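Let me begin by presenting the structure, written as structure tokens, before commenting on it.
Chains: A, B, C and D, in written order; residue numbering restarts at 1 for each.
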Amino acid sequence: MSNYFIKKEKIRFKHVDYAGIVFYPRFLEMLNDLVEDWFEEALERPFSKIHETNGIPTVDLKVQFKKAARLGEILTKSLWVKNIGGASLLCGFKFEDEEGKICLEGEVTLVNVAFKDNRGGIKAESFSEEMKEKISKFVLS
Amino acid sequence: MSNYFIKKEKIRFKHVDYAGIVFYPRFLEMLNDLVEDWFEEALERPFSKIHETNGIPTVDLKVQFKKAARLGEILTKSLWVKNIGGASLLCGFKFEDEEGKICLEGEVTLVNVAFKDNRGGIKAESFSEEMKEKISKFVLS
Amino acid sequence: MSNYFIKKEKIRFKHVDYAGIVFYPRFLEMLNDLVEDWFEEALERPFSKIHETNGIPTVDLKVQFKKAARLGEILTKSLWVKNIGGASLLCGFKFEDEEGKICLEGEVTLVNVAFKDNRGGIKAESFSEEMKEKISKFVLS
Amino acid sequence: MSNYFIKKEKIRFKHVDYAGIVFYPRFLEMLNDLVEDWFEEALERPFSKIHETNGIPTVDLKVQFKKAARLGEILTKSLWVKNIGGASLLCGFKFEDEEGKICLEGEVTLVNVAFKDNRGGIKAESFSEEMKEKISKFVLS
């Protein structure tokens, strides 16, 4: 069984800069999309529901940009779990081009938070057992 | 003498997400703006000139997001140099709110590259001595 | 007395596309920034306050893109009022380069809305007399 | 035969603003994606090839925003041709929600341009007969 959550994404005109390669903040939008798809498709927690009561802010990010990606290329984005904490999650990720070369890779720490009141403060909240169970399928060992 | 390169930036409507806080890829656009301003204002290498023959791609990024930033807040963005390599540069950065609390901090590695031919390949190119001289004023020890 | 609300904005690396000119959705982010600045600086209704109870969605937009804008150029953005309705506002705008040539111009219709309940529906709400008074200073006749 | 070019797009976290609805410049990125897909999939002119010698800048845009779109909704984006000029193209477009309600609609004028020299000036260039033939299949009468 594969422990990766995988999606493909095409490099579009809006992603590239003057040099014709992806402007790196756009890669992080693509990473956010990957996490969003994972929550909706694999963890059954669509962001459109989560954001009524909770959020999943990114608290730590490490990325190595290894190879430029150009307009028209189709990247394969993979996500997996490196560690599950009480309310936090350490995920690994990599984006590969059509020849399997890594364009970027890194790790991201997400925290589950609950809104304490109407649009005000937030506090960390443990993942439910059911949620941990679903997340654990993506742990790569 | 201060070794920091410092700019202020206001959190705008376009930066914030559904939770009313900055969507983290927008922070990296703000970081790119900071590097761009530093090259133009302090290193006298405006991106509008650089990009005729060279680029400064980001090859490594580490960020810790410590405190959410909200619509209307004015952040102070600081950049400094941790290490100068032949063709690369390791910079530290931090974004602070009006009370001096750190919203995010991290480090970014930039590489000086030259375009080998018309919009095709790139290769690393050492910074000139004049450029290293200017950069060295921002080394924090 | 000038009836224009005027701000300057520099074309940055993040704004430009593969051809080295501003990607047009970025111009509309700049337009949104202009409206945001106008509400805060001239109408004393900062978006950070408005959005607790109200919003100013854009309901109609017409733009003519007349001249490309390049990395490093500084544009002068002007906004004025063409018509004040009960809950709506028709504004004209133009962005000019340093030689006074128009890069884009057009008109945008904004509507004042109130949130009916917690993050649910919205309904149009008339501008207060005080607000109309402030807005009227920007009517160009 | 259908004269519409049609694509679906899901509203993502990165598209929405503080009010939980799509920030309108993001709709125009979605429109640009639609034009990009149309050129690649229906007109056999992928932007990754076009941009070596030509561009398709947007010179005129009219949009009516009729209904907010929320996180998680899937919009159907349709494009058609209203008029083919020598070097220009007037296209209609509409984005509908899952119940067929129009979120936005409008028209956009695109111009075919050739780069006169290396990254310098541009000039309008007529579409080839082959290209006009392909475009004409999307004329709605």
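Definition applied: contacts are C-beta pairs under 8 Å (C-beta built on N, C-alpha and C of every residue); 3 or more make two chains touch, one makes a residue touch a chain.
Owing to the predicted nature of the structure, the values given are computational and were not obtained by experimental measurement.
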**Asked** From subunit A, how many touching-chain steps at minimum until you land on subunit C?
**Response** 1
**Asked** Given the two chain pairs A-D and B-D, which is bridged by the higher number of C-beta pairs in contact?
**Response** A-D
**Message:** If I list every residue number at the interface of subunit A and subunit B, are over half of them used by both copies, so same, or under half, so different?
**Reply:** same
**Most distant chain from subunit A by Cα centroid** = C
**Prompt:** Which whole number of Å gives the spacing of the CA centres of subunit A and subunit D?
**Reply:** 29
**Complete:** Separation of the C-alpha centres, subunit A versus subunit B, in whole Å, is 23
**Complete:** Between the Cα centroids of subunit B and subunit D the separation in whole angstrom comes to 33
**Request:** Spell out, as numbers or ranges, the residues of subunit D touching 2 or more other chains.
**Result:** 13-14, 18, 20, 23, 25, 29, 32, 51, 71
**Prompt:** Given the complex with subunit C, which residues does subunit D contribute to the contact?
**Reply:** 18-21, 23-26, 28-29, 32, 51, 55, 57-66, 68, 115, 119, 122
**Complete:** Listed in rising order, subunit D residues that touch subunit A in their complex are 12-14, 20, 29, 32-33, 36, 46-49, 51, 70-72
**Request:** Can you check the complex and tell me which residues of subunit B touch subunit D?
**Result:** 13-14, 16-18, 20, 23, 25, 71, 118
